[in-house]
Every structure is written in structure tokens, then in C-alpha cells.
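What follows is one structure encoded as C-alpha cells, with my remarks underneath.
Chain naming follows the written order as A, B, C and D, and within any one chain the residues start at number 1.
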Amino acid sequence: MLRPFALYRPSTLAEASALLREHGEDATLYAGGTELLLLMKEGLVRPHVLVDVKHVAGLGEVVAADGAIRIGATVSHRTVERSAAVQAHCPLVAGVARHVANARVRAAGTVGGNLAFADPHSDLATLFLVFEARIDLRGLDGEREIPLDAFVLGPYETARRGDEILSAVRLRSWPVGAAGAYLKFGLYERPTLGVAAVLVPDAEGRRVSEARLAIGCIGPRPLRLRALERRLRGAPVEELAAGRADVASAEIDRIDAVTDLHGSADYKLEMAQVFTRRALRVAAARAAHHVIDARYPYTVVV
Amino acid sequence: MTPGRAFRVVGQSVRRLDAIDKVTGRARYVTDLTQPGMLHAALLRSPHAHARIRTIDVAAARAVRGVHAVVTSADLTWCDPYFGPAFRDRPILAIGVARYEGEPVAAVVAEDEGAAAEALDRIIVDYEPLSAVTTLEEALAPGASLVHTDAPLAGHFADLSTLKPVRGTNVCHQFHLERGRGAAAFAEADLALEDCYYFPRVQHYSMEPHAALAAWDEESGLTVWASTQNPYSVRVELAKMFRVPLSRIRVIVPLLGGGFGGKTYAKLEPITSALARLAGRPVRLAISAQDAFRTVRRCDARVRVRLGLRRDGRLLAAECVADFDVGAYADIGPRIVQKGTYTATGPYRIPNVVLHSRAVYTNTTPGGAFRGFGVPQLAWPFESLLDDAARRLDLDPVELRRQNLLAHGEEFEPGDTPVDGKFEESLSRAAEAIRWTQAAASDRGRGVAMMMKASIGPTVSEAIVRLHADGSATVLASTVEMGQGARTVLAQIAAEVLAISIERVSVATPDTAMTPYDQTTSSSRSTTLMGRAVQEAAEDIREQLLRIAGEIIDAPPAELVLDDGHVVARGGRVAYPALLTERFGMGGGELIGRGIVAPGRSRAPLGGSTPFWEMAVGAAEVHVDEETGAVVVDDYVSVADIGRRINPQQCEGQDEGAVMQGLGHTLLEEMVYDGGQLLNANLVDYRVPRAEDLPSRIRCLFVENGDGAGPFGAKGAGEGSLIPVSPAVGNALARLTGVRFRELPLTPERVWRALRARPKP
Amino acid sequence: MPATPTPSSSSIAFTVNGHRHALEVPTHALLLDVLRDRLDLKGAKRSCDMQVCGACTVLVGDAPVSACSYLAVEADGRELLTVEGLGTPDAMHPLQQAFVDHGAVQCGFCTSGMLLSAKALLDEQPRPTEADVLHHLRGNLCRCTGYRKIVDAILACAAQSGSAA
Amino acid sequence: MRVARELVIEAAPEALWRLLWDVPRMAACVPGCAEAHELAPHQTYRAHMTQKVGPISLSVALIVEILAAEPPWHLALSASGRDPVVSADIAMRVTLDCAPDGTGTRLHIGAEGQVLGKLGALGHGVIQRKAEETVDEFGRRLARMARS
């Protein structure tokens, strides 16, 4: 059961931002509603005004250009999963979209909503880090583009300002020859841990020339493991594919994990290492075109 | 029924009576029902685990448009506001004290759910928090704060007439039973071992949360449509509370969206009836799934088991000391405690036994009946310890069990029903199916476990079968259809006896004004007890048909048989309608058959003998992800000694569901409290099994020797197969890893921690 | 279109099970309540109320949605399918028939959601593997059957319609 | 939720105690806490606490009570109140224990409490994190104030 509200359906971002400014704290952006309506039903948020951005022109498009794709904020996970452009340029993203929550949430939930809500258990917020994602924000005072790193600040907190609207996320395709994997682990409805790994092998395909690693859900916000990435440069691909990556990392140890229903902080940090190693194993095997058995219990391997 | 005769309907996987309604969306549950003028109710629940209620200000709530009544315990002085099947300790709405987080404190009745929610927001309750006990340890500690301070009134169970609360403590009941020489026998054991185990709080999570719709009128009194497994127990409660004769209370039970024990005894019916009375209009209360977590749960338990064995593996002595946490209100907890403990030692011959258990109040959701009724909590430690004993004696766990099994016909307990099945056959089937004697792959472990459970006694089931003028029949029985397929089974039984097709049999909706008395739909008892009552009622009709036919066909009744809607003899064949017309001298009259099954009291320790023993074996093959602690069940075999399957497909469905539910509390499920606050009362944070959790292979097998006390040699099933799941998985894991797990659920983190603490080889 | 606020009640028109309906609904009304209380289509059930269990699954277009968490106004102009429109007792959809035949139904409270989820899967992937079915059913919980017979029913239905095609 | 933190503050125990014992001043170090007023000196205070976690705002009128005071080593207090909008009841118990550490003071902060109602039940993990952040920030501000 929901409490009454007024619903606005602006057709431009400027109108939407004007509504946000006009109604201030009383207004909330609304797209798929998968997270918002849940909180509203529980009475935890009680907006008087919903600003539905699904009718804003251009927000529902996926566009590929110049080695990047731009996913509009109101594109649903279901659309991402099926998008030819996503499959062509960032197939891992399409694969992960297929595993977000369940089929119904994927049909209603949107990419922009997912990022803007900043649920600490978001898959996309972690995954997109290895695509050097940048966020487009538009407000009455202009537009800006910021890296995803700088957008998600903490649980449910982002850099989005009052009348700003997340209009799109841009993902850079990986260099040719790169291979990646996303692993998420957990017992519960939302993942306990998500790890994304991308490896770019050298010309001979033997050693890693570039690595990208992102880890999410266990800390306050998703994180790139940049020192570990640097350390992995030059690592033999076969070593990683054999599951022998040395992932002991101060960056992981420093993650501010809390003890909650998903598990104790020490367990989560240990799992962060385990799944970083596993993600590297799968990515390396793919880079080397090996077929491996990459099934792990309570784990989605994309 | 002559042995060897082929059955026509019994033993066939006939289509469920309700299958088509259910797949086409036509099936109706309480929340689908409305009544003219119906209002909606909502409950305000205590956020505190334990608090004195100083004041409740309802003025603002009453002023909300569309609100008809705002009710607190102060408005319920016109009735007896307490209920409960063991102790009448649970108030309709908290009186002065809230005893658990989620206890209903006030109620609103409104035109719609929106107005009700708005009014709830405006009720102001002034609480004085009290210290709360939310674990067994806290509740049993010296000087613990008391959940209840007044002596509660006893409820209505014969075997609980000797309820033994310990005054000044949180212990609301104790059970003690000894056999043989008791603990003294341990002195003679070659091996004695002892361990302590913990079983978690888990939630039924019936897909349908509880609901009730109540209406009062001058002519028939109180009518309640309820999601209950036992309309007659609810009727008794309501009669006592509202001081109305049984004849003026009508409890109607449409289909249930799952029960699993969570819908036994009164839950929402008292409050809904009271609100309908106060509002003067029909009222429906449908709680959310989140609030079902605050209505009832399985009792968690801490169990210490001691075993004494001979060197050759013979069991000599056993001692079980169990504490069950029954939550803030006893519900049926005291009975769960004694029933669960009664068969703590499983299907084994043990000459010397000491059983001692306690029901303990805590400031948590009331613990109630849940599939297995106390037995899972005890089979988990006992069957685990049995495997430890086998290891210590260097014996095969299957062989150790086999040599101690009770034989068919052997006495389990003086005065109770002798063993009515073949445990040995079940164990062999399970061992064979899991390839017990062949080596498992190096990364796989196998385990077995068994269980024996008593059903309910004394007990009563009554049925009426009506044979209509056209030769079709209606079964009147108060067995509740909650998914288990009982009504289909009852129709099969009637069709078999009356020799008519199942399409010509209907089974009436349980309605205490129409369908006769049945104690309860629980305890795996319906096929056996109500099945027999229906069988007797149908046989009663058959006798009447034969008598009438004997006058027409001119043959002695012994030579007459029923066949395809006719009475047949060498001399001829007469259809039922013709016989009825003959009997009544006109068309329209019908025959009424009665069946009453009522095994009464006995010398058995629980006051009545079990009508049958439910018995099951589980065998699991597992592997573990050592790095994460995740346990995977690759293969699971369940064997149930069921006597005879009336409907094989339904039996299989029951046991597959039971195994998956068992895997739930074994691997996934636990209600987590933090200082009295329930943290995961929703499906985002409480994890029930999903399709993905299906073992790669699952087989549910049956031993059918036609030796059950039910119709055609059937006996009960449905609970049994859930019970061995935890110990079978635990034993498999112990054999694989060398680590013995004592606490459920076996979540990855718990397993990981234990594996990490394992001494390095 | 100017950014006019939708009034607290909204006119919507949609097709449900092939029938057109024009309704005035509160803007905050949930699709599940409109289907159940206004159109008397009680097949979709409310259980977890959090988009986890799937008991309220209906199809909007070809996509499954949780009617418990979906504004009725979002269905304006759309084609909806509920279990009542999937088939009737006299003309059951093959999935309904398969559920009946395989004993995939017990208490029935999850059944309509299961069926519509399965339909969405088979419409898109007529020959799914068992792994596909298990993956797709992640969002549909059943507490009675243990899933085995549900999965079997869906696979059997797929195999049957595949061979008929 | 439970938080335990230990930090060294560059002030002698007695100096730190003067700051702690000035409850409205100390309360000002708690992020989101405002308008601390004395109701009964060194016994009861009133304060207002606001917290925001993403879309959810919490605004609570708190009653703060001193449970124990052993200058300059130990202070225990409770804080409780209710946000009527989201129906959240807050109950906290905070202990502050001081021990000499060179020229400074080793301060142990223990916070234990609950956010009752739907918010607490659904937001357990986030509340734990928020509590940790709040205690950390409190420690930092306290240290800063003690230095100045």
C-alpha cells in the first residue's frame, strides 16, 4: 500500500529539474521504482511528488560511438541484456544485466535508478568501474560529467545535487584482446560481494599488459583495486588462469567492511581475496581462450 | 478389501481436485474473499521486545476519515481476551505489557487499507522499556527477567493437564521420561560420548500470510473465514473467549496457501472476530509476510545428548536434555517439547533412556508447530552423535544403525503402538540408492540419518459421505487443503470404496457448521485418520446399498459387490440411482454414511497411543567449497515407509517439498535477533530455498508394505522426510571434512570458520 | 507534453487478457490492487511484497512484472496478461496442462506467478535448458513442491511444443 | 548495533573530562546532533538528532540521561527518542572510558543501541555502518575540540 502523491511526467530534463527544484525535499525522482516503491510502501520515505523521468526523450536509448557506449538512465536491465550495441561493445555488461535480481526487477528497474540509488549491493556500480564509467548529470545550472568513482560516495549517497538528474552512463569498451569476468557471491537476495576483473594480455598473449579490478558490496562503496592492478602488470596469464594470482592486498585489507546479516567483516575481507583470485582466473582463462569449469556455489559467474 | 485385489483409484496419481482451479487462477483463499460492507483491519505492533505500556493515545487515529474503530485491550473487557492451546497466556492485544517485538498492541478498522495505515501512524503509545530475554541462555540465567509473571490458565489438551511451569523462572513446562535403569546404565558402556547442539529459529514462510475474515449476525452468530489448519480448535477458542455456544460459531476454511504447522490453533481469528463485533461490520485482517514472522516460528532448541554403547555398536543408554525456546507465548510449545523429546532416541532399541526437556519463554515471536513438531530439533543432535559413535568405534554408520533398529511389531515404549513399519528395509533402500558401499569421489562425502515420529493421540476424525440420487457422492470432512492434497486423497478413498469414478466425488469445504469434527490437519494424520473415517463412512453407504440391493436382487449380501456404480451379483446388476429410488419410493432421497475414528486414551506416556509411526531415512552426498565454506548437496535420497501410497505423485511432491524445506533450515534459514529486535523478517534478508538450490539429483522413494493403520494399509507422510535432512547433511560433511558441525544453518561463513579452525594435518 | 502533475487520481485504459478496461484509479494505486479489487482478477497474489517471491507476477507486454510494486498508471495503454487470461479450464495453456500433469501444483499460492514467469521464459526461449529454467525461476518462490516438479513441467512443456512445431 | 572505538586524545584526562562533562558541548561533537539543552544539570538533557541515509531522513527529539559519572574516568549515558514520521524508536547507550596515555588520554567509546521499527529492521546493515561513521566522526571532533 502506498500513500498518496502527485506524479509528474516531464518530457525534458529541464522540466524535470525545475520540478525537483520547485518541490525540494518533497520530490523524488522516479523511474523503475524497484527500490523507491519498496521504501514508500514501508513508509520510510514519503515523497509528495514523484518526478517520473521515463518520458524524457533520449533517456531510454543505448548509443554506441567511438569505442564507447552510452546507456540512458531509464534503460531497463532487461533492455541492456538484449541490446545489440551492449552485446557488441560490452558483452560482459549484457551478461551481468541478465543476473540482476530477478526477471521482474530487470524488466522494471533501470540502469540510472540503480546507480543513483547507490544501494551498496548494486552489481552495476561495481561492474561499471572496469569500464571507466562516467556519469552524465544535468541540472538547471548546467551539465557535468564525472567518473563513477566520484559519483558513488557511500551507501545510498551520491554526488548528485538537488535538481540534478543522472541522464546517462558512458562505458568505454575494452581494448582488443581484453577479457573480463564478473563474479558475485552470496546467499541472500542481494549479493554479499561482487568482483569485476578485466585483463588485457600483451601481443603474445602471455603476460598481462593491463588489469582492472573492482570490488563491491562489502565496503561503503565499490572500489577499484589500483595498486593490485599495477602489480598484476606483467603477470603470466597462465598463472592467473590456474587460479594462482597473488591477491594479498592492502587495498582489500583496508576496505571498511561491516559485520551484518551478510556476514562478519573478517569473512567478507577473506572472500574479497578469494573472489578476486577467482575473477582473475576466469578472466585469464578467457583471455587465453581456455575452457574451464568456473562453477562456484552461491556464485554467479558472468 | 480382499488382499491382492487391484485398486481402481487408490494407488493412482489422479489429478488433484483443485489443480485446474489453481492453474487458472480460480482457486480462492481467505484474502480473495469479501463480504458486503466489509472493513479492513490493521495492527499496530510493539517495536520493543519487552515494555510496559503506560498509555495509548488513540484520539488522533480515531479522527482519521474512514476509520470505524481504533481498539486497544481496554476495549476488550467484554470478552475473555486470552487464548492459547496449551496455556491461555496470549492476549488479543497486549494488556499492560508487550512481550515481544511485533506483538499487536492496538488495532484499527477502516474503510480501506489506506485509512487504516494512516490511523496506525497516529496512534501514540508510551512505552517503558523493560529488560528483555531473547535467547535460551538469557532466559535461563539466574535472576533473568521474567516474560510472564502471572500463572497462566491451562488450555485444552489432555496430555497437558499436568503442565509444569516452574514458578519464578521462564520455564513454562517440563517433560521427563525414563526407561530401563536410566542414567545408571552409562557405567556399563564401553563408549560414552556427549555433545551439545543448537537448532535455529526458522520461519514457515507459507506463501500465503495469515488472514481471517469475521462477521457477526443475529441468526448464526459468528462466522469466520480463516486460514487455519484446525477450524475446530479455533471454534473452541472463540467460544470460550466470546462466551458463545459452539453451535453459534462457524469457522469456514477455504484453500490455504501453505500451512506447515504455522496455521495451527488460533492466530488472527480472535482479534478479527473482536474487531468485527466492535465495528458491527464484517472485518478482514490480512497480515503481511513480514508480520507472519511476528506471528509464529519454529522453536529453536539447545540439546545435550549423551550416548552409551557397547564395543560392538549396540546402544545401551541415551540421555537427552533439551531446552526449547517457545518465545513470548506458549502456543502449542509445551506439547512440541514433549512430543519432540519423546522420540529423541529415534527408531532404535535402547534399553536405558533418560529424557528431560523444558519449554522456555523468551521475548521473541511465539514458537509454534512447524513440520516435524519438535522432532527435527532432536534428530539433528541424536543422529549426528550416532555417527560420531560409529567413528569412535570404527563401525560403519549404516551398520551401526541397522543393528539397533526396532523391528516391525516391536514395542517402542510400553503402552504405545508397536512399531508398524520396516526401518531396516527403508535404511537398505536409502543406502543402496546413495551407493553407500561404493567409495565416493574424493571431494564428496556421504551421510545418512533416520527418524521416527509419533503422530497424535488421543485423536478424533469424523466424516460423512452422502450418496446422491444420481449415484454421485459428496465427502464432508474438515480436513484442510493446504497444498498437501488431502482432499484428493479423501476423494480417492471414497471413490474406491463406492466403486465410482473420482469425477463423481466432491469434497466439501471445511465448515464447522456443515462438515463434522476433525481434531486437526497436522501431524501427518489426515490420510490415516480422516482417510479411515471417510473409508468407514463410504463403507457404511456400501452396507446400506447392499442391504437395499439384497431385497431386489434376491441374493445374500455376502455375494454382492460394488462395481462401477452398480451393485452386482450373479443374478444381475443394479445402478445406484435405481437402488435409491427403490429405497425411498421416489427420486431425491440420499444415503448418508458415517465414519468416526477415535482411538482414545491409552497408557502411553503422552496420554494416547500414536495411530502410526512416521518413519523416514535420508541420505545425502555433499561437497564443500573449502575457500568459501559453501556446502552443496549433490544428491539426496529420501525413503519414507508409508504403508501404501494412495496418490503416488502427491506423496512424491510432499517429500520433495519436505526435503527442500529441510535443506532450508540446514543450509540457509535463520531468524536473526539483535537484542530483541528481529532483523530479517522479510525475503530480502531471510533466505528460503530457491529453484537453484535443488540438489542436482533428488529422489524420494517409498517403502510400501500395506502395513499402515490407515485406509488400504496407508500411513502418514509429509513431515518425516524433512527431519533427517540436517543430520544426513551434517554427517556427510563430517565424513568429508573431519569437522563436526553442531549449529545450524550451515551457512558458508559458519562452515568456513570451522574448516579454518581445523587442526592442520 | 507539458509537465502537468497527474492528479491524485488518474484515468487509465489498458487491455487485460484481451479485454479493454478504462478506469479511474488513484495515482498511488498498485497494479496488484487494481487487478484484484477493481477487476476481480484474484489470481495474482500478494506474498513477500518486495519483488522477491513472484506470487504477484503478471505480464505487461511480454515482460513479467511484480504487480505488488508497479503503479497501475504505468500500465496505461499496455496489454496485460494475468493467469486468468492464460487459459481456461476448457482450454488450458500447455503450461497449465503441464503443471497439472506433473503435479507441479500444491497449495497453489505461487502457481499463477510461476506460470506467467514460465510463459515469459518460453516465449523468449522456447527450448530452455534446465539451467535456464532454474535461473529464470530465481524470482519465483514455492514453499510446497521443492521445485522439482515445477521445473519438470516447464521443461516438458517446452519439449512438447518444440516437437509440435 | 554495536560500536567500539579507541583513540588517543591530546589532552589530560581531567581536561578531557571537563569537555565531556559539559554535555551540550560534547553533544555538539556528535554529527547530526543539535540544540542540546539541559533539563536537569548533569542528569537529563534534551537534544535533536537528524540523520540522513540516502533517501531516508531521520529526525528525533532525544532525551539524554546520565547513567553514571566517575570523573575523570568514566561516563555512561543513554539517549532515546522517536521519529514519528518513519515510526522509528531510537535507544542508545554510550560509555566513555578514559585512561592516561602519556600526556594525553586514551578514550574508549562504546555505543550500543537499536533503531526500532521498520527502519531498524530493514536497514540493519546501513545503520551499523552509519553508527560507526558517527562514532568515528564524534571521536575526531572531540579530539579537535580537546586540542583547542
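Note that in this section a contact is a pair of C-beta atoms (placed from the backbone, for glycine too) under 8 Å apart; a residue touches a chain by one contact, two chains touch by 3 or more.
None of the values given here were measured: they were computed from a predicted structure.
Q: Looking only at C-beta pairs in contact, point me to the busier pair out of A-C and B-C.
A: B-C
Q: Of the chains shown, whose Cα mean is nearest the mean of all protein Cα atoms?
A: B
Q: Could you grab the centroid distance between subunit A and subunit C? Build each centroid from C-alpha atoms only and quote it in angstrom.
A: Using C-alpha averages as centres, the distance is 28 Å.
Q: Counting only Cα atoms for the centres, state how far subunit B is from subunit C in Å.
A: That gives a centre separation of 30 Å.
Q: Which integer distance in Å separates the CA centroid of subunit B from that of subunit D?
A: From the centre of subunit B to the centre of subunit D is 48 Å.
Q: Between subunit A and subunit D, what is the gap in Å from one C-alpha centre to the other?
A: Computed from C-alpha means, the inter-chain centre distance equals 35 Å.
Q: Spell out, as numbers or ranges, the residues of subunit B touching 2 or more other chains.
A: Answer for subunit B, listing residues that touch two or more other chains: 121, 290, 679-680, 682-685.
Q: Residues touching two or more other chains, restricted to subunit D: which are they?
A: 87, 122, 124
Q: Can you pull out the residues of subunit C that are in contact with at least two other chains?
A: In subunit C, residues 49-50, 52, 135, 138, 140 touch at least two other chains, as defined above.
Q: Please list each pair of chains that are touching.
A: All chain pairs meeting the touch criterion are A-B, A-C, A-D, B-C, B-D.
Q: For the complex, give me every residue of subunit D touching subunit B.
A: Subunit D residues touching subunit B: 1, 84, 87, 89, 91, 114, 116-117, 120-122, 124.
Q: What residues on subunit A touch subunit B, complex-wise?
A: Interface residues on subunit A, with respect to subunit B: 1, 3-4, 43, 185, 187-190, 261, 263-264, 267, 270-271, 274, 296-299.
Q: Please output the residues of subunit C touching subunit B within their complex, sorted ascending.
A: 36, 41-50, 52-53, 55, 82-84, 86-89, 92, 96, 99-101, 103, 105-112, 115, 133-135, 137-138, 140-151
Q: Mind pulling up the subunit D residues that touch subunit A in the complex?
A: Subunit D residues touching subunit A: 53-57, 85-87, 118-119, 122, 124-126, 128-129, 132.
Q: Under the definition above, what is the set of subunit C residues touching subunit A in their complex?
A: 1-8, 10, 26-30, 33, 49-52, 54, 57, 60, 63-66, 69-71, 73, 117, 120-121, 135-136, 138-140
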